[in-house]
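Just below sit the structures, each encoded as structure tokens.
Each of the two complexes below includes chain A, the first together with chain B, the second together with chain C.
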Partner chain A sequence: MLRSSLRQVSAALKEGRVTPTELCQRCLALIKSTKFLNAYITVTEETALKQAEESEKRRKRGQPLGILDGIPIAVKDNFNTAGIETTCASNMLKGYISPYNATVVQKLLDQGAVLLGKTNLDEFAMGSGSTDGVFGPVRNPWSYSKQYKEKSVPKSHSEDEEYNWVITGGSSGGSAAAVSSFTCFAALGSDTGGSTRNPAAHCGVVGLKPTYGLISRHGLIPLVNSMDVPGILTRCVDDAAVLLGSLAGHDPKDSTTIQDDFKPFELPDLPDVSKLSIGIPKEYHAPGLSSEILSLWSKAADLFKNAGAKVVEVSLPHTRYSIVCYHVLCTAEVASNMARFDGLEYGHRSDVKDSTESMYAATRREGFNDVVRGRILSGNYFLLKQNYEKYFVKAQKVRRLIANDFGKVFGSGVDILLTPTTLSDAVPYTEFIQEDNRTRSAQDDILTQAANMAGLPAINVPTALSERGLPVGLQFIGRSFQEKQLLTVAKWFEKQVQFPVIQLEEAERHDNGVFQHQKSASFS
Partner chain B sequence: MAAVLAMVARGCGGVWRRLRQRCAVRPGSGPFPRGERAVACNARGGMMSAGKSGLTPWIPVVGLEIHAQISSNSKLFSGSQVQFAAPPNSLVSFFDASLPGTLPVLNRRCVEAAVMTGLALNCHINKKSLFDRKHYFYADLPAGYQITQQRVPIAVNGSLSYSLCIDNKMSQMVTKTVRIKQIQLEQDSGKSLHDDARSQTLVDLNRAGVGLMELVMEPDMCCGEEAAAAVRELQLILQTLGSSQAVMAEGQLRVDANVSVHHPGEPYGVRTEVKNINSIRFLAKAVDYEIQRQIEELGNGGTISNETRAFDSKLGCTVPMRDKEGKQDYRFMPEPNLPPLILYDAKSLPANMNHQQVINIDWIRERLPDLPSVKREKLVEQYGILPEHSFTLLVWQQDQNCNSRHSNEDGLPEFFENVVKQTQMKPKKVIGWILNDLLSYLKQHSLTVKESPVSSFLLADLLNLLEKKEISSTAAKQVLAELWKGKGKTPLETVKEQKLELLQDQKELEQICQAVIDGQENEVMAIKAGNQKVLNKLIGLVQKKTQGRSNPVLVKQLLEKKLSE
Partner chain C sequence: MRVLSLGRWLRAGRVPPREPASRPSGHRHSGHRPQGPPQELPQGPSQKVSVEVLEHLEHLALVDFRDSEGVERLQKAIQFADQLHEVNTDGVEPMDSVLEDRCLYLREDDVTEGNCTKELLENARETVEEYFVAPPGNIPLVKLEGQKTFLQGSK
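== the complex of A and B ==
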């Protein structure tokens, strides 16, 4: 039951095979027994059970609020949740309880979803490993899977297991791990440079970054306002479409959302890709791309070819400038966005009281980690009057060129782009932290970042397991606001590759429990 | 009124120079001891010659940066109410307090106010304008940046015409024009209250995020009077439009002055920025002080540094402001959460567009009210009153708005027009009663026109009695004094009660005249010796005896007749 998809479990709820409370309790129990993953910063057991109870009443009355009613979900801890701590995995906001719900959170709650908790991330979503938050790194559930254990070098000591666990990717690693380990049926992430798709790829789940402006950012604590998009993490493409349908649309509180109405859609059961043109951008054959992934990518292209689709090599020549350009734009906005954390209105405030300025300085030094402070520093440098033209304006121009590249390709008749999501499978934590955050982010965002520059929708679809038994995903990038086409292709591909289910001892144990419970319940 | 007139009346010209050297400026002594004003007034704008002293003349250059708080129900980017003097921090939305994750949503009313103002100031309205972030750390700026329009403001290239008097003479008014560089929309900051005793700062965010229009005037002015007159006219325009209440005392209109001096033919001098000016009167003082200070500083071989100075209204001088952070780099950046602000006109308005969602410049243009200059022209044209009287009518209306907070309704011009409509008296005569009697009474009692105990109807009634020669003007004043008490009596009832009707009995009047002549031998001698002026004294005495009930013209005739007998 816990391992089924959102749509399946929703059907089970509808048919009364399981109640929202039972489902919620099972998830909470699994969260407890997978605590070592560190996927959640806050588990909202009490409110979740209350919400489940409410859902149960509605379902009993035969008046559910929709497909999400009673479905346990998790939300990345950079979305505001009224009455529930919102920390951004930072000392700055530790203990901060927001007075309002982010629009996306409100929408989920309004549709009866049960919020289990807030998931872990890199501090203020700055990172690609989910290793740089004050609550510690998130562990990839696949580290504990039968598949990984079997393939990795034989070990006898538990110490080795401690040594070998791999990262989730980031920065929405907590959300990806939560969905991957079956503790919830869907989770919200955020995606600025790949923060939803990257951990989705490493954790073997679907990660959708919708078109910029399709989903409200109101209540999402910003990283880069002009690129941030709430992300959707689910077990399958159909579920992503369900979530998208419940979240998308104009929000009067976010002036950057589009005015047009969004019509939720269902994906065809038997998608047809034969009339499509799939573009393979050659620049995504980037240095450092593992041979495994390269061959998967090529096999995927063949799948489309064999299905009758046109597969063409395309060029996005400015993609290679994307990372350096992102570095300037991101840090500049970070410098600006972080200016509000001064210890006055909310959040951490230092005890240093010599002067207002010294209080600011101490507050910010104590509240932010090195990564955040580093980005603030470089961002302010790029925004200095003497540097603005040289860096910021230039980066904006390059950004336009990057976006134009996509425009040209899509204008030439290509429908969807197919690329890898990551350069390799997930690396062990010990290896990951050998490099600093900046270097890591630069490498890890390389295949995902350009879509954010251009505001395009993109999705990671889990594709296969690597030689080490870890998930590898491929990315589809679509035209702006053409989510339906993008997801249709993704669903078709998902069906072709039959990505294996993670074999996780804890989840299996809990899930059997549900079935036993089911049995006894039905016999009583 | 006196204060206002005196201010406008000083006037000045384009060139200043040091006439009297070493006019010592000490704190407390005031910058311009009487009779020592080192100002060469030349209101016609011509250049003064270097003069006999041989000193090179100085040309002062004055530009203004004005922040006008937009009169709107809610703030520029949030739904919080806008209200002066509300309990601290009672009008603060999550966005105003910069809670993480909140986003700005532009207030349509504020945009319309800026467009209206731009149109009224002959600006080009940019159909596409942009918002930027201006960064600096300050306790009353919760986000650490202000959202403003640095790159492309909503309105540019306008002009403002204003009038001022020459050489103290109300009758000699000149009209000047100052160019408006731009009008930009931006957020107001909160307020910091420094509690030095407990060494803490208290922050009130009620004002944080209120919409401002920043108006940048080109340095086309050259003295305090010009700056003051320009701001006064701007104030009047804003109040007429209703785009700002523009009350300086409440901080709805904040004026910073950029001042420099240079020699003719030379580039502009280094300028200083004078802040902390909270009335129009102080604006004139601050600018003149700063000009004089710079002239003296340079004259003494010193230099002017590009600094910010504060006007100290108690000392009447400008002092350098404590430079807290040295040179600020505001690190401007486009505001990523607001799309470009797009305005339409009749031509560009897309079909099938929801009119609630777009702002049509032409639509706003068609609905602009009569601007003060037009109103004044109409008053002069329609009623034949003097231009300076039309100024007084409107200026006083403006002062009124400071108290009543009702712009453009039931003001002094309307009162005047209502009286004119209801009386046979000529408007030219009516205006005297309005400007002298009504105004001085209202001022004395700090009343608005609306609050006047004497309505336009009552005043017209009274003036009709006067016009029909049923009472003398002295008696009319007495009646008015009675009417102010607001006892609900008509002028006619008051006249009857107090027996103020003109003496119709010629014999009685003749007797009174005779009695006055008999009692004033010296005066009679003087008149007979040819000093006709003394006759007025006798007329006055007759008036006194009749308690103002005699017709002065008739009295004069009678006296003359009797004296020539």
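== the complex of A and C ==
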């Protein structure tokens, strides 16, 4: 039951084969058993059970609020949740109890979803490993999977398992791990440079980055206002479509959401890709791309070709500058966005009392980690009067060139772009921390963040297991606001590749087979 | 960047990726196959940031560098960002937002929410009645006695 898709379990709830409280309890128990993953910062056991009870009452009356009524979900800890601690994995916000719900959280609650807790992330969503938060790193559930253990070099003692675990990717690693380990049926992440798609690829789940302006950012603690979007993590593409339908639409509280009416859609059961044109951007064959992923990418292109789609090589000439451009724009916006943390109205406050400025400085020194401070200082450097034109405005111009690259390609008849999501499968934590955060981010975001630059929708679809038994995903990038087409292609691809279900001992123990469940059904 | 990624491959004991000379059998189509990796980005000469600018930044950001690693990080960040200057952006307008072709939504100027003083004050550590309490202002940032920042110590 826990390993079902969201739609399957929703049907089970509707038919009374399981109750919301039972489902909630099972998920909470599994969260406890998988505590070593460190996916959750806060588990809201009491409120979750209360929400489940309410849902049960509604379902008994035959008045469910919708498909999400009673479904356990998790939310990344940089979304404000009323009455629940929201920390962004930082000392700056430890103990901060949000006075309001982010719009996306409110929408989920209004439809009866059960909020299980807040998931772990890199501090303030800065990072590509979910390793730099104050609550510690998140462990990839696949590190403990049968598939990974079988491929690992046999060790002499079990302690080595402690050092062998791999990262989830980031920064929404906690959300990805939560969905991947079956503790919830969907999770919210955020995506600024690939923060939803990267961990989705490493954890073998679907990660959707919607078009900028489709989903409200009100209540999402901002990193880069012009690129942030809430991200959706689920176990299959159909579930992502369900979540998208519940969350998308204009929000008067976020003036950067578009005003067009959004019509929730259901994806066709038998998607057809034969009339589409798939673009393969040659610049995405980046240095460092593993030969495994390159080969999967080629095979995927062939799949489309054999299905009758037109597959063409395209060029996005400014791709290699997009990571540099992102670096400048991101640090500049971060410098501005982090200025609100001064200890006066909320969050950590230092004991220094000599002057306002010294209190601010001490608060920020105590509250932020090296990564955040580094980005603030770099951002301020690029925004100095003498550097403004040279760096910030220059980066904005390069941004336009990058967006134009995509515009030209889509304008020439290409419908969807097919690219890898990451350069390799997940690396062991011990290896990951050998390089600093900025270097890692520059390496790991290279394939994902151009989509944020141009505001385009993109999705990671788990494709296959690597030689080491770890998930590898491929990315599809679509035209602005054409999520239906993007998800249709993603669903078709998902059906073709039949990505294996993770074999996790803990999950199997909690799913005591009361409800029959076929492996392949999860991704149908 | 290739140096770093090659280093990672070598540490992991794998062979670094080469140009795709051999293709897996059974694939005849070449039109859509991605070609070899593009040229490595040249690294420009690094300009050392002066201590005055570093101090200025610390003051603007109200965040300190803490140690030489912090300063090194900034140097590397600048060096990385310098690659932007290779791109020809003559006649290109800067892009603020991807939604620049649309009008921002402006709602009617009616009061729809508020009266939440209690909730807003709850999260502040020091309050007096309905005020947030701050230490005295208009005092320039002075280092605490006996505590020099890294930069001051290096002068």
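Throughout what follows, the second predicted complex is superposed on the first by the 511 of 524 C-alpha atoms of A that agree within 3 Å, B and C clash if a C-alpha of one lies under 4 Å from a C-alpha of the other, contacts with A are read in each partner's own complex, and residues count from 1 in each chain.
Note that in this section contacts are C-beta pairs under 8 Å (C-beta built on N, C-alpha and C of every residue); 3 or more make two chains touch, one makes a residue touch a chain.
If you're wondering where the values come from, they're calculated on a predicted model, not measured in any experiment.
By the document's definition of touching, of the two partners only chain C reaches A:R365; chain B does not. Once chain A of one complex is fitted onto chain A of the other, the partner contacts of A:L220 are limited to chain B, with no touch recorded for chain C. Residue contacts after overlaying the shared chain place A:S336 against chain B, while chain C stays out of touching range. A simple residue count on chain A separates chain B from chain C, and the partner touching more is C. In the superposed model, A:H285 lies in contact with chain C only, and not with chain B.
In the superposition on chain A, A:E345 makes contact with both chain B and chain C. Once the two complexes are laid over each other on the shared chain, residue contacts for A:T256 go to chain B and to chain C alike. Once chain A of one complex is fitted onto chain A of the other, the partner contacts of A:S378 are limited to chain C, with no touch recorded for chain B.
In the superposition on chain A, no contact is made by A:V501 with either chain B or chain C.
In the superposition on chain A, A:A11 contacts neither chain B nor chain C. Judged by the document's definition of touching, chain A residues 99, 226, 252, 255-256, 259, 335, 342, 344-346, 356-357, 360, 380, 384 lie at the interface with chain B and also at the interface with chain C.
Chain B contributes residues 94, 97-106, 133, 135, 137, 139, 142-145, 201, 203, 329-333, 336-339, 357 to its touches with chain A in the complex. Interface residues of chain C facing chain A in the complex, by the touch rule stated above, are 1-2, 4-6, 8-9, 11-12, 17, 20, 24, 27, 29, 31-38, 40-41, 49, 53, 56-58, 60-66, 69-70, 73-74, 76-78, 80-81, 83-87, 89, 92-99, 102, 104-107, 116, 119-120, 122-126, 132, 134-137, 139-142, 144. Across the complex, chain A meets chain C through its residues 96-97, 99, 212-213, 226, 250, 252, 255-259, 278, 280-291, 294-295, 297-299, 301-302, 305, 311-313, 318, 320-321, 324-325, 327-328, 331, 335, 342-347, 349, 352-361, 364-365, 368, 370, 373-374, 376-378, 380-382, 384, 390-391, 393-401, 403, 423, 427, 431, 434-436, 438-439, 442-443, 454-455, 480.
For chain A in complex with chain B, the touching residues are 79-80, 86, 88, 93, 98-100, 102, 217-222, 224-226, 252-256, 259, 332-333, 335-336, 338-342, 344-346, 356-357, 360, 380, 383-385, 388, 392.
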